[in-house]
Each structure stands twice: as C-alpha cells, then as structure tokens.
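The following pair of complexes shares a single chain, chain A, combined with chain B in the former and chain C in the latter.
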Partner chain A sequence: CNGAWLQRKQHTLQPTYYVMSLYPQIMFCFGRARRSSRCGSPAGCSHVNAYKVDNWRPNLRVIYQCFVWSGSAETRRRKAKSCICHMCGAHLNRLHSCLYCVFFGCFTKKHIHEHAKNKRHNLAIDLLYGGIYCFVCQDYIYDKDMEQIAKEEQRKAWKLQGVGEKYSTWEPTKRELDLLRHNPKRRKMTTNCTIGLRGLINLGNTCFMNCIVQALTHTPLLRDFFLSDRHKCEMQSNSCLVCEMSQLFQEFYSGHRSPHIPFRLLHLVWTHARHLAGYEQQDAHEFLIAALDVLHRHCKGDTTNDNGKKANNPNHCNCIIDQIFTGGLQSDVTCQVCHGVSTTIDPFWDISLDLPGSSTPFWPLSPGGDGGTVNGESHLSGATTLTDCLRRFTRPEHLGSSAKIKCGGCHSYQESTKQLTMKKLPIVACFHLKRFEHSAKLRRKITTYVSFPLELDMTPFMASRWASTNYLPPGLYVLVRYALFAVVNHQGTLESGHYTSFIRQHKDQWFKCDDAIITKASIKDVLDSEGYLLFYHKQFLEYE
Partner chain B sequence: MKMENMSLSGLDNTKLEALAQDIYSDLVEDACLGLCFEVHRAVKQGYFFLDDTDQESMKDFEIVDQPGVDIFGQVYNQWKNKECVCPNCNRSIAASRFAPHLEKCLGMGRNSSRIANRRIASSNNTNNKSESDQEDNDDVNDNDWSYGSEKKAKKRKSDKNPNSPRRSKSLKHKNGELSSSVNTDPYKYNYNTGINYETLGPDELRSLLTTQCGVISEHTKKMCTRSQRCPQHTDQQRRAVRVFLLGLSATSLPDSNTAVESDGYDASDGQVLMSRLQWDGSSDISPSDSASSKASTNNSDSKKPKKKKKTSLNSTGGGGGGSGSVGGSSSQGCLAGQANRKKPKLPVPPAPSIYDNLN
Partner chain C sequence: MNKDSQMRAAINQKLIEMGERERLKELLRAKLVECGWKDQMKAQCKDVIREKGLEHVTVEDLVVEITPKGRALVPDSVKKELLQRIRASLAQHSTL
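Moving on to the complex of A and B:
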C-alpha cells in the first residue's frame, strides 16, 4: 500500500462523518454502498448496459465537455448560462443532466428524479463532479468504461485551463484488492511506529556504510520507488546492487527488530567498486558516491520515461538515482577583458564545501569583501553556518594571473573569474563538509562547528539569480525549499573514528542510528551535532 | 434563484457582503460534496477498508523511549553472535568480522597477495593444476591446496548426486540465514587447531568421523581435522579411534560423501549452517576460523543439525553416504566432474515483491 495515501485517508476520516451528515441522501447511499461492497457486488450496475449502445461514447464525451468539465472560457460561460434546472430554474442544488435527453434537473428538489420516473430515463450525471446516478439502483455507480471517458475529458479540461496534470491518489487494482482483503494485517506508518527503522550490524569498521544505508533507506522518494516494486532487473547475474537495495527496503519495512546484517551489500559494493574495497577505515562520503554510481549503472532496466524511450546515455539517464540525486552545477567563466562568459553545466550528486580552519582561507567570501571583512580568519561573530559555506561555494572567484583561460572572444589568454551556481536543483541535495584534510603538509580533521538549518532556501545559490533575464517568480518560491532529513556524523580522529547518523522518520521525529542501536533523538541533538554529510529533501515536487 | 445578469456597481456594502457570503458558502458546500463523493466511491470500489489496521499487532510496533534500550525495547549490545555466509567462499563468518574476511577473500587487502602467493607455492606440491583453471575473478584462493584434489573429488561426487538438495538453486536467500547452494570449497587450512572430542556428543562425533580423520593426538588430546586420507595417520589408527569413540559399528571408514540434506531454508540461523558445513560433506573442513570453531561447539544444543545427522547416519554403517553415493571408488569417478567446482555461487535472491511477506 502506498503509505502516504494511507496517511491522507487517516486524516480525512473524522471530518468525513461530520460532513456526510449534512447530506442525508449520500449517507443513505453510503450505508448501502458499504453493505454492497461487503457483499462483493461490483461498483457498476447492469442498468448502464441499456445506455452503452450505438454511439454512446461520443455522446457522453460531449456531455462531459459541455456540461461538466468545461475547459475553455467559452464553454464555462455557456455552462453557467444554460445549465439550470428545467423545472425550477436553479443552477445549484446539485444539478444533474439526464443522459438520455436534454434535461437538467436539480437533485435537491428531486426534479431530476421526477424526470427519470416520467420518462423512464434512469441515468443522470452530476454536473459538478461527473458522477453517474442510476435511479433504479438509487445510487451513484462507477462503470469502468464511463469512468475512463470521464477521466480523459477531465484531463483535457485541465490542460485547457492551464492547470496541467493534477495528482491523483493511488487506487488498487482488483487483484490488489483481493490480496489486501485476504491479508488484513497491515502496517500503518503512524508517528509512533517503528516500521521503517532497523539497526545495522557493524561488519568490522563498516559504520561508514551503515550510515549511508540509513540515509538512503529514509529518502522518501527512494523508499516509495522500491516499496512499490519499480525496479525491473535486467542483469543476468545475481549481482545487481539495485536488487539488493530493494531487498534492503524489504528488510527495513518488515517489522523485524533484530538488526540487519548488510553483508551482501558490502560484498556487492566492493565487487563493483573495487577502488573502495579494503578493510581500512573508510570515508562515508566516498562510499555514498560509489554506491550511487553503482546503483545508477545497474538501473538500466528502469530508464524508460513516459514516452517509452530508453534513455541510456550515461549523462542523461532517467533512472531513479538520477531523478532524485542528480543536480546540475553551472560554471561561468568570465573573461576580465571582454566580459564574455563561457558556461558549462556538469552533473553532481553532492556539493563538497570547504570549512573555516582548513589550509585554504575561508574568509572573505568574495574579493570585494563581505561587508567589512578583513583578510584573515573568521570575522563574524557566531558560528559558521551552512549558508556561509554555500555562499562561499557560489562566490565569484578570481582565478589569478597564473591560471589564465583562453578566451573565445579575445582569442588570447586572459585573467578571468569563475563562479559556480546551481542550475538544476536535485530532489535530494547532499552537502559534504570537508572535514578531512589531506593536503601535502598535513592530514587532520577539521572540527569547526558549522550550524545547519532544518529548512534551507536554495534561491540565493541558484544560477537564475545571476542571469538577468531569469527571475524566480514568487509562486515558485516553494520549489526551492528543502528540509533536512538525514545527518551523518563522524566522531574521533582522522585515523580512527566512528560514524553515526540521525535520520528523520516523520516530521520533527528524529532517530539516532549507531550501527545496531536505534534510539530516539531530539531536534536539538541533531542540530547540535558536528555534521559531516547533510541530506536535504525538496519539500514540494513538481511534475515535469 | 433564476440566473440573471447583474451589475455589481450600485450595490451597497451589505448587499455585496451578502453576495460574497453566498458565493463562499456555495464553494464550501461544493467542496464538502466532493469529499462525500470520494468516500462514497472508495466504499463502493472496495478500497475504503484499507485504512483498517489490526490494532493489536500495531501495539507491537510502538516506539520505546527509555534509557538503556533501543526503540524496540531491546537492550544494547546483545548482537555479538550474529553470523553470515560469505557470498564468495560460502563460509559462515561472524558478522562483526565479515569485512576483514571479505577483504582477504576477494583478494583486496594488503596481505592478500602474500597469502595468495603462499598458497600457490604450497599447491605446487600437489597435482591440482586443473583447479586454477576454474578460478573466476572473485575466487582468490584463500584456501590450502595441499589436500585439495582428493577432498574436492569426493565432494564433487556428492554434489552430482541428483538427490542432493544442494543442487537446488531455487531456495530463497535471506540475510544471515542459510543458502542451500552450499559450495563446500576447501577452507583455509589451519594446522594449529583440532577438535576436542570430549565436548562433543555422540551424534556429532559420528558425523564428524564420517568426514574427518579423527585420530586423537597424544600431545594435544585433540582429534585430527584433516581428511580421511590424511597421511599423518594410518587407516588403522582411524579405525581404532572410531571404535574407541563410537563403539563397534564403525568398522569401515564411511565414505565422506554424506551429503547434507539441507531442507532449504527454514528459519534457521547461521549457526545451523555452520554445523552442516562442519559435519557433512566438506571433508577437509577444519575449524580454521576460530570464530567458526566457537560457533560449531555451540551447535550441540541446536535441534536441527541433530536431525540432519540422524538421517545421514542411517546408511553410514554400510559404508555408503547418506545420499546413497557409492563408497570407495567415488573419488576416481568424480574427477570428471571437476569442471564445475570452485565457482562460488551467489545465492539467488527472490524477485522482490511486496507480496512476499504478507501475513
């Protein structure tokens, strides 16, 4: 079952009964419908068969287009003018149209019922929501063929109105319904439920892997993808990492309490990413990138988009990994002489951010200064924030006389400035705080505290801000808001340390994952932690 | 109620208010109606009940927030004895030491090349060149070759036995649990450890002695874990120890091909696999890994291994293996089957499906 759908239904349950009481007719039907559904009778009725003859489809389409879902302004006007009750002139009161002749009658005053009785036209359509009412059954019925037409016409109307696609909730097929009925024990992911949480055994310094697994299994889109069985494996051998990921989700949502032993995962990753293998202590960030890479490579079977085309170009793959994690980083190199800009866009899975305290100076953020900055170390009061790091990442950087770029406009080597900005925001943004310094002089861990927010607005770091013609319309503001859902932390030194993670299960409900031990954590615990890998999820998703 | 064109100018505020109120309440009513239809449809189509959950069982999944226990209410650090099966060599390994094992097993660690060279050097002493032909990339020899050929030969015959459930590849793989496609590759040979016969029950001893030399060393008082052709001891010694330990029925050395009937996959844990590997079928098994030897001695209480041993023992007396393979000449006959050995088979994962674990 789709957990999100279940959540939604839970919330609508209470008000439903209250609202239903306002409509005694529907309450009656509701009772009848509930009884009939228990008896297993179909949602349609046999009386529509008399209607479904000859040219009924185009006729029905016309009715939907003109009187129910009016797409264009003209049809809307016509509907408003002509759709009134033929008996009392009302245009509200749940107006219905007879399916057999041109008659509009309101439901509330039973004018449509009279018509039905007199003319023996026993089908009518509700002009507000398009439901078909059968006067013999005395109930709204749902016929598959007619609903098909209704849905198509509704989509057309939305397109005409400029609404585009609307989200429709999942509906089980008949087979799924049967299965669900025979298996009544269902796990509902309520806020006080452990389903979805599971410890991971440390296989010998594999805490780096465990943390990444926790983050991935709590990435909502990835979870939905795997729990709805969307992976179709095309690999011949048994070594598909995506299949193993799928199995991992099954394990996490199984309700088992004992920790899972991810030995197969380790074996597969080491087999497919040889450069990673080795029992020395490893870096969680490196593991994340390697794992995403292998998953992306193994996702070949899933890369069909809506048009049915297979997009197998490694740079333009449409697999779930790319859809979720891949962003586009725009690099603009501006020639200082002719001011010509050369732009490239590279895909990225994570953003690695330098920190104050490393050997490369952090402040000032930009050559012009940052409001009273002085060359040197941290000047601002208070802790460095993630936003500071991102601002530094996207600052224009003067490349210096020793790094001249060949300018296409000037046809010679000139000094230039380079700037990185986000062209395409990924659905999940992973920020990597570069705490492990491996420079020629020294190897150390930078423990500078960086404060990071629960919610992040990415607008200031987007490419569009620097393009003079593009701007972010106010309505799209929500599309750049991100919410923190996982944090990977490292305790210890460069040589030896331990990784733990915090993950968010429901809004404001966090858990600490320390290998096999999962405990509840407070938001304060999360925000006070040092932070090494930060995972943010887009809060609102738009359709492509 | 009849609809008519009306101009909004010239209306005073109260009238406008009333109009706005009318429109507003119409909209609210329409929205409520929409909700009713949704519910009505859900009930009629039969998916309204999906909200129902089994309240009782949901209580089992409530989050626990107490000190000293995790969210499941379990005490910390009770997971020391978890085991898993290496997908590469199919040995049962303690989970907390799986990573270092895998590193060596896949030949990726710092010492792996040194170990491998040592193996190759000692393998040149025996004629098993055909073995190296069948290596695939992952199967780096973590194994001792000195007694390799004979042991493999024996096992191969049992593997070819059509009755052996080991040939079944369709069994599900579950994490940490058993896979039936057990490849009994020779394990890393450890010269130092032996088996203390005093800690084992009679069934275990019997089973052990079907596959191993078993002669008790005078110095260490431990049983020899080499194969039944072990050159250090004579057949007479082996017979003697069997009489000593088992009584008189074990007059001839049983064939080492007692194949295990793994009944696939019951909800057993790694320890059971350990026991099967130890006692049945893998004739040169030695508790090379100190972790696995600890695991093996813990198995004496496990019910399932005993069942297995009993069935395989029934035919032991006559010199045949439990699976009915021929004794004696089996080693010769098996050489032809060498070609398929030594490939580590990854257990076949089931096609992931949300319906798998429906209760």
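Moving on to the complex of A and C:
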C-alpha cells in the first residue's frame, strides 16, 4: 500500500494526518473500531427501491444472520445444511441467495442468473462476502442502508464467535476529506524511502538519551499516535513531555536530514526526572523507564474509558503508553506442603534478564536444550540465547528454607516455589539484558554474548494453559509472534562507555544510529551486536 | 455429485457447524497478509482497474482476472499449514 500524508501547514493549526502503515506486515487499530460515516459513497442503484419496501430491513438481517455471517451454533447448523445450489447441489462456486425468494444458486455456473431472469428477481446476495448483486446493473452495488445493515450483522456475528473486532480500512469522514482537499501536498512513502531517520546531536554524554529516542521514534504505534495528533494537552505550563515528543516526531518525519538538537527534550527530562540530571553518562535503561513514566503521567488528557469520561485511576490508565508498553507479569507462589497456589499479577514495561557470568546463579541450560532453534537463534557452541534467558526467567524457583512464605492454606510458614510467567503480553516488549553489575563487592560490565532472534515466539513463556501444549487453537497462533525493531548497545566499560542503537525501517532495512551519524546496517550487524536493550513489536494486533 | 465433492461438502458442513471455518479463514487471512500475498493481489487489482478504466470495471472483471493468479500465488507453506489445521480440527472433533 502506498502511504501519503498531509504536510503540516506552517501558519495554521491544521492537524497532520497519517494515512497508511509503513509496515505492511502489521494490521492494527487504536483499540476501538472507527464508526465511519460514508460520504460521497459509491453508487447504490435505483433497482433496490423495489426491494426496500415493507419489512425489508428485518428480512435482510435474517438473511445475513442465517446464511452469510452465522454467529450462533444453531444458525451455523442451518447454514451448513441449506447453503447449497438448488440446481446443482454444490456449496462452492460463489453461492448467492436470491433476495426475493428462497433460492440459492451458483454464480460461477450462472444458476443464480437463470433464476433472476426467469423470476425477474433482480437482486441476490453473495453468501461469502455479503455483497449485493444487481442483475440489471450487472455489478455489485453498495446501497447505503443495506451496507449499514451488513456491517452491523457482521460485527454481531464476530462478537458471537469471540473474534471481536477486526481491521477495516480507513474511511475518511467529511472533515477529513475537506482537510485532504485543502492540503494537497503529499509525500509518497516508497519501500526504500528513509523518512523518519534523523541523527541526534550529543549534548554531552547524552548518547543514553539519543538511542532511546531513536527506539521510540521508530515504534510504529507510537509514531502513528503522534503523527495523527492524538495528544490533547491538559498541562498549563510548557513542560509537557508528551507535547515535546509530539514535536520530536514532527522533526523526525519532516524530511530534514540534518541532525536534530534535542535540547528541549533534555531540559524537560532533567526537570521531571531529577535523578537523571547532570552531564554524566546515565543508564539508557533507566532513562527509558523514567521517560515512559513521565510520558504516562503527562498523558492524562488522552485517557478516556468507554463512556468518554476521564479515567483518574492510575491503575486503570488507558493512555498510549499503557496501551503499547504495559504487560502483565504473573507470579505464582506454590506451597510445597499443600500445593496451594497464590497468584499476583503486576504490570511491567520491560523484562530484566540475568546473564550467565553474573553473581546471581544462572542455571546453565544446555544449548539447544529442547531441539535447538526454537526461535531461529544461532547456537554457536554454548552461546546463550535470549530464549535461554527467558526460560530461566520463567522457570520455577525454589525459594529455600531461609525464605519461607506464609501459606494461606496451611496457615503457617512453608517452603515454596515461585514462578514468573507472562499473563498479558505488551504490544512492545522490551528486554533488558542486565549487563551492569552493581553489587556491594562488584561493579562491572558483563560482556557475554547473548544471541537474539529477529522473530520471537512468546508462547512458551505465557501463563495460559496453551503454553504447556504444542497445540494452539487455529487463529490464536499468530497473536504471540514478535518482531525485533530496535536494539540499543553499549560499548566500553562501566566507567566510560558509549551507547548506539540499531533501528528498523520497513520490513528489512536496518540503520545504525550513533548520535548524529546514521549509517546503513545489515541484519547480520544487528544480530551480531552485544545487545543491551532489545525492542520487539507484536506482529499482529487484535482489537480490544 | 461424485465421491470427492461429497466428501468436500461433508467436511465443509462439519467445519461450519463447529464454527471452525470462520477461525480457519481468519488464520488464512493472517498468513496471506504476512507473506505479502494480499499486497500482491492488491497490486494486481489496481492493474486491472487501470486497464479497464475506473468507471467501467466491474467486480466480475476483477474476479475473472485475479482468481487464477491468486490461486497460483498462494505459497505452499501456507497451503500445508492450513491442511494441517483442518486435519487437526476434524480429528479433535471426532474424539469428542
């Protein structure tokens, strides 16, 4: 799909609109289906007027419910039995139903056409897609009222089937059409255009901030949120970090290739996260968490619940940061005596993983333990993989006799095991490899190579019962695949080091961002790098 | 109807009753988007529309031109996977 968008008009407050996704692989929504009002809609035809009389609406609904989109078990059974051609008995061949009487006929074999001619019944409905065919116009027609009914019935059936909402293409509202007409300048996104790439000047050991900014500006959902101007600022002062991010996105996608100087962003970060202020080198991971926290706090104007009221509860926030980054980590503590399980679920923005060679015991999992390339990671004789780290993270851990937990079932302190699993997967999963050791005795950097994959399947680490079986119900499988889109690396030692990042554009274009210098990188460069922060994006998103 | 199409009809019926047909369709949709097939088809459709002219093209024109190409371009891996899923669904149902 080619994408086009409006150029922001300099002298007015026209909002910028972002039209199509840069990642053709990702189908997405913003959590709620858009109620689109068709304007300048394609033609209906006058021949439907003969049909649209008396009780036509409920009649049409019945046809949709029974024969096109059958939601309930009963309608499905009926559909299965009766949807065959009345002339040849086939269930394939683009079966259509006459709208005027009970007749099913193949389209391909022209059986429905014969019926239409003989009975002078001009309208038929396609049982596969619900389209209305007019035999006089000899084409499918799109009557506004009938389309409305079709959409409603389809949604009802999806709901009954537990499919929920599905992606539907964007249909512009009247206002959007006006804006598009008044702002005719377009920028076409081709598969190798590099818009969105911009260097960042280092303002004095600020590479830790620069690499996180690169990762965030290339997070597809975040980019789309800001480029479609969805932040409504409620802060009185000029110190809203979300507004500043919005500005930053405008800068990055402006088409300018000169490096950007993020002095305002730096100043705001110092203001809102005092512990990061100063010109010393900071930890990029700490900066990420602090930035997400401030953005989350400043997003108050954008959080609404279904009733359109503002959600004041910080635990049930629905801001863009929570929508994208917040996952749920389930912790199960099992009493070794009564086997009762106590479960808690905590929100998380990142998963911090211990590495072999750290002072915490790393359970040496044999390389390629369960059949090798679970996630296509290379097992170079003993190299630890991200999957190994995740397996270690989610393995049951015996808490030992010195750490007994009060068991609700036994009413006494007992030994127990604890296990962490993912209950809710965030849309963007950030893995933090704990390379910096700050224990009482030791301050050092762990440089063990950890191999990480381009695509990650999170199924084995999930809390649901499917994790233990190999069989997933059809359709569910695609929802747990993640794609790598940014990597932050640290070179050097704990005392003096430098952060750089790799970010991904389109499907397989990678670039290295070293402050102001952006260079093309190969996938090999990315996967061979040490890895400190790994950013993965869900490949397929479902509607809430 | 010959034996083959009888079997097809029976399987189709069973899958519809189970509600499995819709779920399999969703899986297939996702796979076809993922492998770029949907984009290829979209491009083909645009070609046909350009050829016939926006005002004159009908759905039938598109169906006739696109269907054979569409069928040929489905990757073998996708076909394999769907077959596997169908078998698994039918097997699962018969054990209930």
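The definition used in the following text is that the second predicted complex is superposed on the first by the 335 of 544 C-alpha atoms of A that agree within 3 Å, B and C clash if a C-alpha of one lies under 4 Å from a C-alpha of the other, contacts with A are read in each partner's own complex, and residues count from 1 in each chain.
The working rule: a residue touches a chain if its C-beta (ideal position, glycine included) is under 8 Å from a C-beta of that chain, and two chains touch if they have at least 3 such contacts.
Quick caveat: nothing in here was measured; it's all calculated off a predicted structure.
Once chain A of one complex is fitted onto chain A of the other, the partner contacts of A:Q539 are limited to chain C, with no touch recorded for chain B.
In the superposed pair of complexes, A:G131 makes contact with chain B and with chain C alike.
Once the two complexes are laid over each other on the shared chain, residue contacts for A:K79 go to chain C alone; chain B is not touched. Of the two partner chains, neither chain B nor chain C is touched by A:Y413.
By the document's definition of touching, of the two partners only chain C reaches A:Q161; chain B does not.
When the two complexes are overlaid, the chain among chain B and chain C that reaches more residues of chain A is B. In the superposition on chain A, contact is made by A:Y142 with chain B only, not with chain C. By the touch criterion stated above, A:C193 is placed in contact with chain B alone, chain C being left untouched. In the overlay built on the shared chain, the residue A:Y449 is in contact with neither chain B nor chain C.
In the superposed model, A:H91 makes contact with both chain B and chain C. When the two complexes are superposed on chain A, the residues of chain A that touch both chain B and chain C are 1, 80-81, 84, 89-92, 94, 131, 139-140. Contact residues on chain B toward chain A in their complex (touch as defined above): 1-3, 26, 30, 32-37, 39-41, 43-54, 57-58, 60-63, 65, 70-72, 74, 76-77, 79, 82, 84-88, 93, 95-103, 106, 108-110, 138, 173, 175-176, 346-349, 351-359. Looking at the complex, you find that chain A touches chain C at residues 1, 24-25, 27, 70, 73, 76-77, 79-81, 84, 89-92, 94, 131, 138-140, 161, 163, 471, 473-475, 477-478, 539-540. Every residue of chain C that touches chain A in the complex is listed here, in rising order: 1, 5, 8-9, 12-14, 16-17, 19-20, 22-24, 26-27, 30-31, 33-34, 36, 39, 42, 58-60, 63, 85, 88-89. By the touch criterion stated above, chain A contacts chain B in their complex at residues 1, 6, 9-10, 12-13, 15-16, 19-20, 22-23, 26, 29-30, 33-34, 36-37, 43, 80-81, 84, 88-92, 94, 128-129, 131, 139-142, 171-172, 177, 179-181, 183-188, 190, 192-195, 197, 199, 201-206, 226-229, 231, 233, 237-239, 243-244, 246-247, 250-251, 254-255, 257-264, 266-267, 270-271, 274, 277-279, 511, 516-520.
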